[in-house]
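Shown below is the structure under consideration.
The first chain written gets the first letter, and so on, giving A, B and C; residue counts start at 1 in each chain.
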Amino acid sequence: MPSFPGRHTQHLLGLQGMTPDQIEPLLDLAESYALLNRSRKVSRDVLRGRTLINLFFEDSTRTRTSFELAGKRLGADVINMSVAQSSVNKGETLLDTAATLNAMQADLLVVRHAQSGAPALLAQKVEACVVNAGDGTHEHPTQALLDALTIRRHCGHLAGLTVAICGDVAHSRVARSDIHLLTTMGSRVRVVGPPTLVPNALRHLGVEVFHTMEEGLKDVDVVIMLRLQRERMSAGLIPSAREYFRFYGLDNRRLALAKPNALVMHPGPMNRGVEIDSQVADSDQSVIQEQVEMGVAVRMAVLDRLTRSRHSA
Amino acid sequence: MPSFPGRHTQHLLGLQGMTPDQIEPLLDLAESYALLNRSRKVSRDVLRGRTLINLFFEDSTRTRTSFELAGKRLGADVINMSVAQSSVNKGETLLDTAATLNAMQADLLVVRHAQSGAPALLAQKVEACVVNAGDGTHEHPTQALLDALTIRRHCGHLAGLTVAICGDVAHSRVARSDIHLLTTMGSRVRVVGPPTLVPNALRHLGVEVFHTMEEGLKDVDVVIMLRLQRERMSAGLIPSAREYFRFYGLDNRRLALAKPNALVMHPGPMNRGVEIDSQVADSDQSVIQEQVEMGVAVRMAVLDRLTRSRHSA
Amino acid sequence: MPSFPGRHTQHLLGLQGMTPDQIEPLLDLAESYALLNRSRKVSRDVLRGRTLINLFFEDSTRTRTSFELAGKRLGADVINMSVAQSSVNKGETLLDTAATLNAMQADLLVVRHAQSGAPALLAQKVEACVVNAGDGTHEHPTQALLDALTIRRHCGHLAGLTVAICGDVAHSRVARSDIHLLTTMGSRVRVVGPPTLVPNALRHLGVEVFHTMEEGLKDVDVVIMLRLQRERMSAGLIPSAREYFRFYGLDNRRLALAKPNALVMHPGPMNRGVEIDSQVADSDQSVIQEQVEMGVAVRMAVLDRLTRSRHSA
């Protein structure tokens, strides 16, 4: 029963346009994998004899490792290819690289690329299922799915919640996927940050825009802090890390403006003392480690679902 | 039934000196693995409990990945070692590295090295089966085997075919292995390129030498285009990539000189617009992706055969 | 039956403080794995479904490969993370990295780090079993265990033997772990080298200090040569590699001072002609390759024991 519409049947390129009917079962499946992971009882049969290739044109040990673990736990043969080693350096085009991996009978291609749309381009050329592991400023769908699952585990549901996404929203594929997913599931989403990083134009995504943490965090159920890319400073978008923390860092005082027991989230790796205070990061309200755990489970669910869809199609 | 003579019983160091009786069964076995790969039905028992170490002193993601997949699909434990990480950088000798891997009970050592003869040197010192994955300008036997298999699948046989190998033949281990294999199997081999890259002295290998594509491609059954190493330009052996393409690039006009439906091959990665035109690379006559697919199958056959020979010896 | 006391129940951070009752069964188990490795008959069930992460903040292909093989042969899912790729480079703290891996449900964390004590710090924060794969100048416990196993196989016992450890003892975690283990098992340990690398203060470790090879090697049963770190020269601790060899290199003439058939050992990779002469390294008395073989077996025993201890606890 293929549950992703159109080209989504075989690939996971983004969350924009997906419906709650498609998302809920995926979160349910991920939740069941989370339990199996804890008891070390995952069946190797799900992807036995299948080949997963991690094709990373940008470094991301964290995401790559999460997909690698997800694939191996399900029994796949997992191959890591980082661009530094790849023949892309020898002048080969992206599409030739994809065609090569396809010819090696890859079943799943997990792609991270600095260019928005690169995974979608590949998906048109290969028989493998393509999973977007982050492309430019476009989407990072598995990150949003793991965020949603983590929230759902704590709040029981997503509809009706108010979620603040704080930081460099304009350049963040995590924020973009979170916004698509959370608004689809009925959450109210706020974006919070300085006008250089959170322009008012973001309203077209269906979110509320705030330029102070004090207003933005008021009575929210969930705070998602984004990682501050150091490059933003050299680009002059923010004055300094210290200034940034002073106005937009999450500390206990600001967190107190949110609802009692509001969840604190971060996609990692954290810049402690820049976008988030250590006390908050390590507090009882922080579910940052649980996000990592759900990350593996969500990726297992995605790999499982895509390969099943394809073969029952 | 060990089918490689002498030291070939245990290792695959080169194709020079092998006979059709040794090559045909290997291609047959590879062909059966190609079918099993398509149906995802390879038995993990062939190399279960065996250790394959990819020891690459030169980068080659493509070849390394192909061997990694071949090993994993047959059930081996596969370890990748690239020289950048290895203790070779700490001053350890090549032979000490080999002795170390041998002591770890590697069953298969897949070796790529910039020095011709390095794999043969290692083979004298280790109990593991050594597979040459490309050494200097000497040989790249699995590439030639996959080329031969691809041709055989399309033409039904190798004997009597005319095959043109075009480009930097003098420095190419691929060309050298192709020449040994194809002439052994009864093909007529032509080498085509400028005199700096295709000297007349190559005739001693039993090939015909041509210095224009127009003469060299006339009525051939197969065109193998070699990758142009950019280093050749800085060495002054060719004037520029643009000049090169003008005289020695494969485009539709030149391909029309070959037999109708002549096969177009390339070991990859391609320099589109340098040695090969995109229209040709992506045409129906191109079997370049099939070469990649046969590459995995051929390597599975080699790994299977070598370990069987050894243990039945 | 957890056999490591206190915090050692779950981790292997160092050998200091361990008793013969804890060490002997580990060597016995390693010996049995050495036999299984030779016959390629290791059961994949020991670590099936378990995750081992190699977390290397310093390069060491040799040790990393040994742990990777050990984990894979026992059936674990093995993930390699080297610091060059990791988000540590993005400013993440060591403890956040550890927390992330823990959240991914790593069962075993094999850690190499330039800072003494880093693995112990991690061990306090994670549920995974932590194995120290070398930390600063502190300990390298699996190296000492493999040294002890190699000696025991040749001499039948460790008690009463005289062992000379020669070279840069002061900065060597290998020497430190060897000293703890061998003295605990009843060997007499000598340390030999120039005063800059072997200060008299080492006596507090319960060893005899010698500053000439001629005195230090006299009548010993075992000679362990340490690797000379090239950095020692730039630091002015030794004049030159040539001078070093002249005074402290192991050659046949010096080896003749030891007992007949004394064992020659080296943790690798060797600097031939610097700390050891090639004739000695390749002689019948050298058990350097056997050390590598025992290394895989010892690591299998450690991984097996730690996960069993934990789950029976």
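Side notes on the structure shown:
The criterion applied here is as follows: a contact is a pair of C-beta atoms (placed from the backbone, for glycine too) under 8 Å apart; a residue touches a chain by one contact, two chains touch by 3 or more.
Note that this is a predicted model, so its numbers are computed, not measured.
Rotation angle, chain A onto chain B, C-alpha superposition: 120 degrees, expressed as a multiple of 5. Although chain B and chain C carry the same sequence, what matters here is overlap: shared residue numbers make up under half of all numbers found at their interface. With centres taken as mean Cα positions, chain C sits 40 Å from chain B.
Shared interface positions of chain B, i.e. residues touching 2 or more other chains, are not present. Those residues of chain A that touch chain C in the complex are listed here as 37-38, 40-42, 59-62, 65-66, 68-69, 72-73, 82, 230, 268-272, 289-293, 295-296. Contact residues on chain A toward chain B in their complex (touch as defined above): 49-51, 53, 77, 79, 81, 85-87, 90-93, 96-97, 99-105, 107.
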